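Take a look at the structures below.
There are two complexes below, and they share chain A, which is joined by chain B in the first and by chain C in the second.
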Partner chain A sequence: MTDRVGIVIVSHSPDVARGTADMVRQMVGTDVPLAQCGGDPDGGLGTSVENIMTAIAEAWSEAGVAILVDLGGAETNSEMAVEMLPAEQRDKVVICNAPIVEGAVMAATESWGGATLSEVRSTAEELSAS
Partner chain B sequence: MGPNTLKSVIEAVSDAVIAHTDELTGLDQKIGDGDHGFNMKRGFEAVLADLPAITDLAVGPALKKAGMTLVMKVGGASGPLYGTLFMALGDALPEDPQRGDYVAAFAAAIDAVKARGKAEAGQKTMLDVLIPVHQVLADGAKGAAVREAASAAAQATIPMQATRGRASFLGERSIGHMDPGARSSEIIITTVLNVLEAEQ
Partner chain C sequence: MNEAQTSVLMVHKIGLHARPSVKLTKLAKGFTSKVELAVAAEGPWIDAKSIVKVMAAKAPQDTVLHFRASGDDAENAVRALADLVTRDFDEDREDASHG
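Here is the complex of A and B:
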């Protein structure tokens, strides 16, 4: 079978990141590549470019990786991490404009069903209708 | 800028940011998440730890390396923002840069920060210090005049309403406080000018 889209969860809080990943696993088990990170380089509230890059590598899939973030710094640091990837990987990673918990669960469920990266993204982003 | 001046500038900027940790955190507690001082301290401590490797390089590559250290170590949005500022500055500098090269590279670095932060002037951010300071530099100002412009620009963020960053969540309640990123930009610019003046 073809690869499923990987999901990366990036929260300021290690607890939120772990808890969100638990909720994703409850839906899709281990069939979807999933990684999470939360906390600054010292483990306090914040995000770390290095940890985000590691999480992208852990959840890597040839079908691409969708990143779900919580607040501003998580997005900025995720964009930085994506830019630092090798060129051939960069185009296969998207940051979803979606609420982190609902977005991660919806994105993973879509991925489990065999959706493409852009389908996974748009399903997650439907949640943030203005 | 010779290697000794470069070392003095980077060291003094790092020391100044670290010395203002509590002030920056205090400003951020009023309109943000209260981590700016501590995050900047962590980033610049990492720069100091890496100082020999950084100052081994020419000024452009040294600024890029310092910027990368900030990106990896700061842990908040200010990491990519200040990291991008220094990396873009280093990237735009030719070998043996002169005053005009620094001013032009500063403009390129400001554009990179705008793109990274998806921000413009007037949103109560670090850009509200960087942009006016670049303007006076481009007009030929030096030393005290530039420091005064930086200080006035940081003060001018107090009545602004934040429309970018965590402070924007506060809406009108962000009015009446200085933006912590504007203040850290002022500290960095003032310190660079002080060192360059002392070395002349």
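Here is the complex of A and C:
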């Protein structure tokens, strides 16, 4: 079995991040590399570049990593986290333009089936278009 | 090229909602054949390996699901999918309201 694409969930809220990850694990299972982060380092609502980088490392797969975000800062901080990755990893990480919960479940299902990073991303993004 | 087709009544309480959709899609992805699903005999046929399309089908309880496949493992694919539906997605011991 080749590596499955990793999924990273980035929310402003630790509860949303945990809950979304729970849904993925319950619905799709634990065969897909999965990590989540939410909240700022002080425990409030927000996102942290450092925590996002840790989550990317946790879910790392040679097949790549797809990130699902909720609102504005989650996306910009995820972009920063991706930029700070070593060059050889950077090209294997994408941020999906998809609803965080639905996108995470769809992306994980696609990853489970052995899809490539771009297939995983387009499946998550197909949601918004439909 | 083998082709196979079957129909099965879905009695699941909630219908083809999120969790059954994921199970069905995961199962379909395990076959090399092209596998399709329809909620009416005349179609439209949708790709059973596409989680987005399967979930968008929103088939309610008592829908007759139609499966067809073409490829080397077509017969096994439609049988396995029909079995999953017949087994009520293996959710009989779970609370269907969860998903």
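Everything that follows uses one rule, which is that the second predicted complex is superposed on the first by the 129 of 130 C-alpha atoms of A that agree within 3 Å, B and C clash if a C-alpha of one lies under 4 Å from a C-alpha of the other, contacts with A are read in each partner's own complex, and residues count from 1 in each chain.
Here, contacts are C-beta pairs under 8 Å (C-beta built on N, C-alpha and C of every residue); 3 or more make two chains touch, one makes a residue touch a chain.
Remember, predicted model here, so these are calculated numbers, not experimental data.
**Q** Evaluate whether chain B and chain C can sit on chain A together after superposition, giving fit or clash.
**A** They fit side by side.
**Q** So in the superposed three-chain picture, is A:W112 touching just chain B, just chain C, both, or none of them (first/second/both/neither)?
**A** second
**Q** Touch check for A:L71: first (chain B), second (chain C), both, or neither?
**A** First partner only.
**Q** Quick one: is A:M80 in contact with chain B, with chain C, with both, or with neither? Answer first, second, both or neither.
**A** first
**Q** So, does A:T123 touch the first partner chain B, the second partner chain C, both, or neither?
**A** Only chain C; A:T123 stays clear of chain B.
**Q** According to the stated criteria, A:A55 is in contact with first (chain B), second (chain C), both, or neither; which is it?
**A** In the superposition, A:A55 contacts neither chain B nor chain C.
**Q** Using the superposed model, give me the angle at chain A's CA centre between the CA centres of chain B and chain C, as a multiple of 10 °.
**A** Rounded to the nearest ten degrees, it is 150.
**Q** If we overlay the two complexes on their shared chain A, which of chain B and chain C does A:T47 touch? Say first, second, both or neither.
**A** Only chain B; A:T47 stays clear of chain C.
**Q** Which value, in Å, gives the least CA distance between chain B and chain C in the superposed three-chain arrangement?
**A** Least C-alpha distance: 27 Å.
**Q** In the superposed arrangement, what residues of chain A touch both chain B and chain C?
**A** Residues common to the chain A contacts of chain C and of chain B do not exist here, since the sets are disjoint.
**Q** In the complex of these two chains, what residues of chain A are touching chain C?
**A** 26-28, 105-106, 109-110, 112-114, 123, 126-127, 130
**Q** List the residues on chain A that touch chain B in their complex, please.
**A** Result: residues 40-42, 44-50, 71-73, 76-77, 79-80 of chain A touch chain B.
**Q** Help me check something: in the complex, which residues belonging to chain B touch chain A?
**A** Contacts found on chain B: 33, 35, 38-39, 42, 71-77, 79-81, 83-84, 116-117, 165-166.
**Q** Over in the complex, which chain C residues touch chain A? Could you list them?
**A** 18-19, 22, 25-26, 29, 49-52, 55-56, 98-99
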